[in-house]
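See below for the structure under consideration.
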Amino acid sequence: ANFLTTAETLAEAFEAETGHQIVITHGSTGQLYAQIVQGAPFDIFLSADEERPARLKEEGRATEVRTYALGRLVLVSRAPVDAATVGEAVAGRTVALADPTVAPYGKAATTAMEKLRLDTATFRPVLVANVGQVATVFVTGNADFAFVSASQLPAMAAPSTMDLADFVAPIRQDAALLDRAQGNDAARAFWDWLASDAAAGTIRDAGYGAPGA
Amino acid sequence: MSVWPAVFLTLQLAAVTTVILLIIALPFAWWLATTRARSRPLFEAITALPLVLPPTVLGFYLLILMAPSAPLGGLWVRLTGDTLAFSFPGLVLASVIYSFPFAVQPLQTAFASVPRPVLDAARTLGASPRDAFFSVSMPLARRGLITAAVLSFAHTVGEFGVILMVGGNIPGKTRVISIEVFSAVETLDYRTAHILSFWLLALSLIVLVLVYAFNRRGGAGLG
Amino acid sequence: MSVWPAVFLTLQLAAVTTVILLIIALPFAWWLATTRARSRPLFEAITALPLVLPPTVLGFYLLILMAPSAPLGGLWVRLTGDTLAFSFPGLVLASVIYSFPFAVQPLQTAFASVPRPVLDAARTLGASPRDAFFSVSMPLARRGLITAAVLSFAHTVGEFGVILMVGGNIPGKTRVISIEVFSAVETLDYRTAHILSFWLLALSLIVLVLVYAFNRRGGAGLG
Amino acid sequence: MAETLEFRIRLRRGALFSLDVAEGVPLSGITALIGPSGGGKTTLLRALAGLERADEATVRFREQTWDAPGIRLAPEDRHVGFVFQNPALFPHLSVAENLRYGARRREVKSYDAIVDALDLGALMTRGVADLSGGEARRVALGRALASNPSVLFLDEPLNGLDTARKAELLPYIGRAVGEAKVPALYVTHSATEVATLADRVLGIAGGRLTGWRSPPARLRAVVTSVTGGLMRVRILGADPGQGADMTLPLVARMGETVGLGLPLDSVLVSTSDPGRSDASLCLPATVMGTSGGLELDVFGQRVTLARGGPHAVGARLWLSVLRVLPRPD
Amino acid sequence: MAETLEFRIRLRRGALFSLDVAEGVPLSGITALIGPSGGGKTTLLRALAGLERADEATVRFREQTWDAPGIRLAPEDRHVGFVFQNPALFPHLSVAENLRYGARRREVKSYDAIVDALDLGALMTRGVADLSGGEARRVALGRALASNPSVLFLDEPLNGLDTARKAELLPYIGRAVGEAKVPALYVTHSATEVATLADRVLGIAGGRLTGWRSPPARLRAVVTSVTGGLMRVRILGADPGQGADMTLPLVARMGETVGLGLPLDSVLVSTSDPGRSDASLCLPATVMGTSGGLELDVFGQRVTLARGGPHAVGARLWLSVLRVLPRPD
């Protein structure tokens, strides 16, 4: 879900360049996976994690897997914080993160909290379905802190942002070229084009780390 | 991206679902309302079950059911050459199952309160049970029928979890408005979300007011 | 992780929601069924609106409403010291709004078919309007009451999109079963999903069969 | 052709009531079914019409089997014109549509005569919810008549109608039954209705038939002149000037005969001439027999009054009639 | 204390019917309200009970204002015992619970006497859906009586009851009204009921009151002996052996007086003695006046029969009564 806006930009650029039509379907990573397993007519799967593409390859449903973006986790807040002050700042406050059991960004957020020694007993963590909803919770004023993807920052207009690159590894978002894409030139072309510099630039502009970098 | 394909698809899905639901639910609700079978509570309970499962989970099971390897899904592929999941018919099937209780229950309540003597009168005046059903039970159950139709229609318009799962969110084919709004919210595009929601609400409100106002004018009730 | 806190929370939420819904919906449905106000179709339409918005979108607007900076959310914070979002009361509020139409509409259908002369009789026998409502309208609308309660309860049990968003999925506080099942499906833990779904269905089926069987025994209907 | 409705019906309702009846009812004219409240009159009619489950039901209408072991003709195929005790009008239809409901299904083109006779014209466009009690009953009667029935089952059809209206409708029902040759089973608690209409009377109580009662006493008269809505009639067998003429508010043709029902509580039988009185008729009569009622000869007609009194055969009596109940013959 | 029910009511229903009435009805005994079907009887009772919206309503019951501009007493506070034309029993309650409904709310402890009089004992545990027409009506009557009303509004309460049951209930209603001093407004189409019960008669047609009718002719008699359920009475003023004695199926105490209603169509007025007849009573009478009916002196009592006939004042007549309608005085 975190990549949708970027994917749309990419698709437009690709269509302009090659004339191929790209149709984007989106949903949560887990749900898209379940659909692929049940035979959904998708050619390329841009996952928000590395586990599911790997599993698809194992199961023989994907022919190729590759990291297409490195997600960057950031902590947004109402007032500036840093590693030293965050522990005190969150005390008694509401902190939103994606549900770590279903969302990679949630898992990353838990890791970050451990590194920052944030004790979940001192504040109120709320877990919502995905980073999109995390941002919503923050934007609507229901949370004081939120762990979101750097790609979401432009849309959020958050007062202040703390980069967590030092505390948590980038989130590897893998893509899978699905079985079904065999013989589909357009799918193949887009798959290849995703690895191009042009695509990498767009991905980087959106706030992700490019896999090559 | 234009929102019209989604609007059109939504209305089409809701309309088709409502029509199919009423066709199935009418005889079934009537049976429930009039039967003396001891198994009735069981059927009533089963009717309410689709409500209990979270939509995504219901969607998950429907996906399994519709997979080409499953009996139903396989049959569909053999008949139409297309997979049932991720197709419009698949969406319709999912919506029908999901909204079934909303169609059946108001109808059953309404049918149960049609006075027996009036039905007897219809029979002696030459109406077969079928004829009496259409000429007496149905008009007298009108309020229930409208409630059933409105709940089914609105629920399908707002439906989302199941559709997201079964439909595959394919633009122009299975991407309905609710998913557009959902996407807008998820991608923090609140402006679009507000606009879409506003139109969704405004259009629904107009349709519903018209339905209810018309219903009201249409002659005296039972009271 | 034990599933019991979620089960318990779900039942508690569904029960509280159903009770509150009935308390609100009863007088409102009765008013809708008996009023001659020209604005009635409008209120009927508004009642059906929560259905039209996808749950996440409804959740989004509820979040806006519940924010401490918003009037309602702020009031709540001042009164309780706690935010409304991500709390049990917040969940209840969301569920009540979401399931409102399911409680109102069957009740309205049922109240509309209570015969006027019987109510008149009650009045001349010394019953105030309130008394007549409880001693005549309510028992005669029993089927509608049960339908309303079942739909509200089941819909809250299966509720998901709104709860996920407004509840914040806090274990023991706002994490209900539907979210557990959803998580299981999303994390590819299909075994847990199957087991949870099975129990959810089985328990619901038993409860519903009991409700309907009991309802059936309780004396003759109107027919 | 067996012109009878033959039935044998057994059923139980609750712990206390059971119906167990068998009879053959001649299918000509009107058969009154009388008996105490709760006696089973309604239940019997409903069972005959195929509207009640019975433990045993064998019903033959003329040559047609309605019920028999393994056979159960649907109610709609019995062509019974049923006027229910509680009108049971269609609440969603107007008066006109209520009438049309049965008419259309039985392919009856026009029933204007019925609308006129029951004076329903002004009500046609109305809904049925606001009808007065008597209006609703008239609509129910019209609805049944308009469906071209083979037999009428009338369950207290004139309940709640005012006297004037009743006096109008009684002959009308009589005529409907007589002219269209539609026999009727007629449940009533009214002695007047029995005296006016019934050709025979069957009793029922406690779910058992209590046998045939003596048919109501009736004199035949011939129409001697017609003016407006009134007609003058003379008892058959009497000559002008014998005090056997009277005026009645009934529409009939010259020369036609009418039946004059003699309600028991309006007929005085006396041994002397009461002289000038306010009786409608005062007729001389001769006692012909006293077994099973007072058998009289009146201008050559035989009438039996269900009445005792120590009168000798051959005695001369006077019959003062305060009220007669005319019906077309 | 003004013992009247005074009202002025105006309302319209549909395009054709309007009610526009004003009257003061004495609150003693039973006031019959008669008129054609659709005349507005039910509407008037309902409006008086506070169950209809009116364009104008001013109603005073004794010293209490029920309706006035700006005032509208709730129906439950008027203490009207209403027997509706259509019984309107509570479908979800048993017969016993139907009776208890009003009783409990009016703090009536026991109504066993009512249950007995209406013979409801065997029905108490039954649901009301399967009651026969007559049974339902008796329950409705019992329900209203058991609620300890200040006034009874009876809308054709005996419709659908058999003759025997009616004969039982008529005196019972008379007694209930008389002893408990509960006045009643009584809608009926039955001349018999009027003759038996009514102390006065008010007409209504087309939504307008058509004035007071002459009250039914009634002779007073005294109970001379009581055996079982029967009693012997003698017309007041008559001596033994004057043919003024008769036996009636009514329960009363020795020496009590009863009213004997004389139904018009069962009373023969003749100029000669009819001799031995099957009349219940044959009484000599003298014409006292002929304006506004035939005014007679019978053993010193004055009765007015609503009847013409060219009789001279002072003429001697015979009154043969085929049927009397007794009610407790």
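By letter and in written order, the chains are A, B, C, D and E; residue numbering begins at 1 in each of them.
The definition used in the following text is that a contact is a pair of C-beta atoms (placed from the backbone, for glycine too) under 8 Å apart; a residue touches a chain by one contact, two chains touch by 3 or more.
Predicted, not measured: the structure shown is a model, and the values here were computed from it.
Taking the definition of touch as given, a chain qualifies here only if it contacts chain A and chain C alike; those chains are B.
Minimum number of contact steps separating chain B from chain E: 2.
Ranking every chain by how far its Cα centroid lies from the centroid of chain E, the top place goes to A.
Counting every residue number used by either copy at the chain B-chain C contact, over half are found in both chains. Chain D and chain E have centres, each the mean of its CA atoms, that are 28 Å apart.
If you average the Cα atoms of chain A and of chain D, the two centres end up 89 Å apart. Measuring from the averaged C-alpha position of chain C to that of chain E gives a distance of 54 Å.
Chain B and chain C have Cα centroids lying 19 Å from one another.
Across the assembly, chain E contributes residues 86 that each touch 2 or more other chains. Of all residues in chain C, those touching 2 or more other chains are 56, 60, 115, 182, 185, 222, listed in ascending order. In chain A, the residues that reach two or more other chains under the touch definition are 31, 34, 133, 136.
Shown are all chain pairs that touch, namely A-B, A-C, B-C, B-D, C-E, D-E. For chain E in complex with chain C, the touching residues are 46, 49-51, 74-76, 78-82, 84, 86, 88-92, 101-102, 105-106, 127, 129, 143-144, 147. For chain B in complex with chain C, the touching residues are 40-42, 44-46, 48-49, 51-58, 60-61, 101-102, 105-106, 108-110, 112-116, 143-144, 147, 150-151, 154-155, 157-161, 178-179, 181-182, 185-186, 193, 197, 200-201, 204-205, 208-213, 215-216, 221-223.
Against chain E, the residues of chain C that register as touching in their complex are 115, 117-118, 120-129, 131, 135-136, 139-140, 142, 219-220, 222.
Those residues of chain D whose C-beta lies close enough to touch chain E in the complex are 13-14, 16, 34-39, 42-43, 85-86, 122, 126, 130, 132-135, 138, 155-156, 159-166, 189-191, 263, 265-279, 307-309, 318, 320, 322-323. Those residues of chain C whose C-beta lies close enough to touch chain A in the complex are 56, 60, 63-64, 66-70, 73, 83, 85-86, 164-165, 168-170, 182-183, 185-188.
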